[in-house]
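I have a structure here, written as structure tokens, and I will follow up with some questions on it.
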Amino acid sequence: MIHTILFFFVLLSSYTSYADDLCVADLLLPNTPSGYPCKSETNVTVNDFVFSGLVPGSTINPFNFAITSAFVTSLPGLNGLGISAARADFGINGSVPVHTHDATELLIVVEGQITAGFITRTKVYSKTIKPGDLIVFPKGLLHFVVNSGVGKAVAFVAFSSSNPSTQILDTLLFGNNLSTSIIAETTLLDVSQILKLKAQFNGTG
Amino acid sequence: MIHTILFFFVLLSSYTSYADDLCVADLLLPNTPSGYPCKSETNVTVNDFVFSGLVPGSTINPFNFAITSAFVTSLPGLNGLGISAARADFGINGSVPVHTHDATELLIVVEGQITAGFITRTKVYSKTIKPGDLIVFPKGLLHFVVNSGVGKAVAFVAFSSSNPSTQILDTLLFGNNLSTSIIAETTLLDVSQILKLKAQFNGTG
Amino acid sequence: MIHTILFFFVLLSSYTSYADDLCVADLLLPNTPSGYPCKSETNVTVNDFVFSGLVPGSTINPFNFAITSAFVTSLPGLNGLGISAARADFGINGSVPVHTHDATELLIVVEGQITAGFITRTKVYSKTIKPGDLIVFPKGLLHFVVNSGVGKAVAFVAFSSSNPSTQILDTLLFGNNLSTSIIAETTLLDVSQILKLKAQFNGTG
Amino acid sequence: MIHTILFFFVLLSSYTSYADDLCVADLLLPNTPSGYPCKSETNVTVNDFVFSGLVPGSTINPFNFAITSAFVTSLPGLNGLGISAARADFGINGSVPVHTHDATELLIVVEGQITAGFITRTKVYSKTIKPGDLIVFPKGLLHFVVNSGVGKAVAFVAFSSSNPSTQILDTLLFGNNLSTSIIAETTLLDVSQILKLKAQFNGTG
Amino acid sequence: MIHTILFFFVLLSSYTSYADDLCVADLLLPNTPSGYPCKSETNVTVNDFVFSGLVPGSTINPFNFAITSAFVTSLPGLNGLGISAARADFGINGSVPVHTHDATELLIVVEGQITAGFITRTKVYSKTIKPGDLIVFPKGLLHFVVNSGVGKAVAFVAFSSSNPSTQILDTLLFGNNLSTSIIAETTLLDVSQILKLKAQFNGTG
Amino acid sequence: MIHTILFFFVLLSSYTSYADDLCVADLLLPNTPSGYPCKSETNVTVNDFVFSGLVPGSTINPFNFAITSAFVTSLPGLNGLGISAARADFGINGSVPVHTHDATELLIVVEGQITAGFITRTKVYSKTIKPGDLIVFPKGLLHFVVNSGVGKAVAFVAFSSSNPSTQILDTLLFGNNLSTSIIAETTLLDVSQILKLKAQFNGTG
């Protein structure tokens, strides 16, 4: 009887031998619009699916903020699966600059109190939230998080992309060689304000 | 000058007046394959994007396991965004039965120690993980989680769907009126085993 | 012979009677994440697929800029098709404030000269372009357009969405009730600058 | 013990109570770009997933051809699932006019012999195939099938859409009121040929 | 006149010379999340789109069951097209073990009688069907097929994926080194039952 | 203070260092179903996003028609973004042969007058349009454009694909080796008509 079952097992294998269970990123090959090419299944291990660094980052800096991310480039098992995660640590008065992502973000508070929100063309959606609370920042919308509690704050974050990009307003406007006159014309910020922030963010132009 | 800027502001509004920033679920209307119809933006508030119940569930039951989920039906701001979350609490020796989802799951341990894994046709991918560790269960694959530490365990979970389904093996096989002979023929389980589990899961047939 | 062909024609109709050629938006019903419900094909006319307003807008305002858009809400035949268009007119020194879309934008210059670009975390991509030139602003990236010629400028624009949203930095930050302290903390702008722009964009808070 | 398992079963139900296993078409509501709204799960039966009409159609007509289709409109369980099926029967010398679909077609011969193919801008891909053979017509490409055997032929067909449209060249060009001069100008067909086919396909204009 | 038409033909070729009609799998290159890289069109032949092996498999084994599949790995023209096919042969009392796919399956009976169904968290959907009947197994749901007729049975199957994976319960649970204690804890099966099936499916652990 | 901001800037960079802003086509590598592999960001310049050839083509040919396209193969920044563009020039009496695309087309008239339309199984949708007018040709539908004005006509075109294919009826039917008997059988065209057009389009068979 065992013999025949094994026979059947081989038979089923022929059914499934071309199956496509996994596509773990081969990070040595160039990315594609749908994700990295798959590495050979013989080289895949459980460690391709485990990330061990979602620990507190150092917030000993003026912004009292640290972030650690588990995106496909450090967790190749996420390839093509449309999801990733990060941990955010806020010291006292810590905050994240306003920014957007090309993915929805979902933030779960695990310690402290934060005030978080996003902005649409018609309204500001903002709320002060605590451990056990979760807030959604829909894809593409400008959003912010500030530590509004008395102590530090910790949150876990998930994104609807395995490799989300982050557009931080300040670094985009003031951290490169975008000309001051174009910034002034297209933001209406004062030139003196632009120059002050360029000095802080290492911008030229 | 203020006058002219406001004029411009109105002008830009005409540019954006049809914009499509949000599609919050109107849960009173029937769902569609892409998600619920959108409720009118005038009825949308920040509370459509905040879920306040990711607190510890009660694990005072024989399985020492509790789960709380934030899916689109309780968090309508997730509609159409392809992401959701949950919290899992494991008491001592707690575990989750083997199951699949139609979405990728990403599990972050925040307390205790668990042994978690998934199974493909060629291999078992399993690892014992701790706080700060994250494991990926790729879409559609059978997976399991057991509390392998000495105390309780807590995890946060994200899914790549705003309304993931869950296929728990035991409830599908033993918790309904699927005939015992079909189960026996298509699982090779002994009839006595099937009847024993049907008794436990309230199955008939 | 005609008889038999007509017979065949009816026969083929049964083949195609459930076909799904079109899904023109019924704008009276609520939107869904994939687009509006389809109106009955008996109510569809060619005018659902034609937009007649891509004419020059008035640029007689301090920004010398006008925009006219053909999105699904004014061109219901675009429903579910993932594309739309607009016309931009720039007077002398006209410009568009920096903004993002949840869609790729493709801009074709038809008159005058503009300087246009977008910004990634590592670089500014910017170029001065003329009639016959086309520039791509990839989905989600902050971008700008200024009239850098001596006369007026005209461009046609296409978007990879039938209802793209537009996130204009200034209106998001200064045109609502977002609190000045949160703006200051998350942009590092000076409070005086924020208040000045709030006055211009009608912001409160 | 049964008691506690049932307790657990209830507990798991809360985990899955919002799950989204099925979205069977409610054909009485308007379609959307992603498919029909879902009918209430309480009204869903196995018959929503079973189609019983893939039987031979009558080929007693000059084309010796019959088709029977199982698309979402007659098999509501296909809603949103991106697949459907049909059966084709060819009498002696039967054929299908050249046409395209907005979906890939996969044709399995079960009886007789056919010659089938599709056409790209560079090449004709055509082959004579028999029972046990399958041919792929990639999405959007013009294709044809002729019965090239001595007897009748039967095939089963699957489409990568739950409601594929069919663009039959002859009915599009000659079966409506498209003006003869536009047809002549844009196909280079002779007017006499156009008028002859319009007579056969009931066209006017 | 011919000359000028040819001139036009060349002209149109420049219009279409970059067109993207086909993307036939180059199976020698690594797969990606969207499918295999395309082989050069000059190497594509009609045989990339034809599969000639959907013939009866041998059912001379204890399960009286055979399956033959035409997935992208044996039919490279399916690449990126989201569809594939298979043939299933059931001897007397033959059956397929319960399993899931990451794709919808559509099964057409061509000979004999089968009883087939799928299971959701709330209900079993099952029906006895015959030639001319078709049943849908929605994506991700556990399903089964048993030969319930007096003779053999034959079916053709289509999947909404060009390379569907198959999760067979028995091989996942009992055909590898998944530890007996984890299986027992997460399925509630008796250890003796687990060991019996591991013996049959060659499992260890 | 600058020091600390720079420190923060580096910190944020670690947040964004894996970000995925762009995927510009590496045209030297094989295409995939989702687009070309991405070239290294260090090799990307603004010229990957700018196309400078949307100038009038020569219409000095019997069809008085010219087309210039900006698809991903000449504008690699379009890769994976689902949009592209073209310019069409029509001389007096110029026209485009009937054809289909695997993408929606959106045509904006900028000079002259055209009559354009598309055809569904139930109706012809056609209209005479002028500068400032835009017409939509939904994905997959047969469509046509004729210059119906007294002078020349110019249009800009956008497609909902970065590499749309074009199926021109005449070249598919008469510009290759498709056998005359198959064409006759599956189009009902007269053999004399087929041979006449094969002569014009260089067809054999």
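The first chain written gets the first letter, and so on, giving A, B, C, D, E and F; residue counts start at 1 in each chain.
As a working rule, contacts are C-beta pairs under 8 Å (C-beta built on N, C-alpha and C of every residue); 3 or more make two chains touch, one makes a residue touch a chain.
Just so you know, these numbers come straight off a predicted model, no measurement behind them.
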{"item": "Contact-graph distance - origin chain A, target chain E", "value": "1"}
{"item": "Matching chain pair for B-E (criterion: over half of the contact pairs shared, by residue number), options C-F, D-F or A-E", "value": "D-F"}
{"item": "Between B-D and A-C, the pair joined by more C-beta contacts", "value": "A-C"}
{"item": "Centre-to-centre distance between chain C and chain B (centres being mean Cα positions), rounded to whole Å", "value": "35"}
{"item": "Distance from the mean Cα position of chain E to that of chain C, given in whole angstrom", "value": "42"}
{"item": "Contacts with 2+ other chains: residues of chain C", "value": "5, 16, 19, 21, 29, 32-34, 97, 102, 117, 120-122, 126, 139, 141, 165-166, 168, 171, 188, 200"}
{"item": "Arrangement of touching chains [line / ring / star / complete / other]", "value": "other"}
{"item": "Touching residues (chain side chain F, partner chain C) in the complex", "value": "5, 13, 16, 19, 21-22, 41, 45-47, 49-55, 70, 75, 77-78, 81-85, 104, 106, 108, 110, 117-118, 120-122, 125-127, 129, 132-139, 141, 156, 158-160, 188"}
{"item": "Residues of chain F defined as touching chain E within the complex", "value": "29-34, 61-63, 65-67, 69, 71-74, 86, 97, 102, 161, 163-166, 168, 171, 175, 199-202"}
{"item": "In the complex, chain A residues that touch chain E", "value": "1-2, 4-9, 11-12, 14-16, 18-21, 23, 26, 29, 32-40, 79-80"}
{"item": "Contact footprint of chain D on chain F as seen in their complex", "value": "95-98, 100-102, 115, 117, 119-124, 126, 139-142, 144, 146, 165-173, 176-178, 182-183, 185-190, 193, 196-197, 200, 205"}
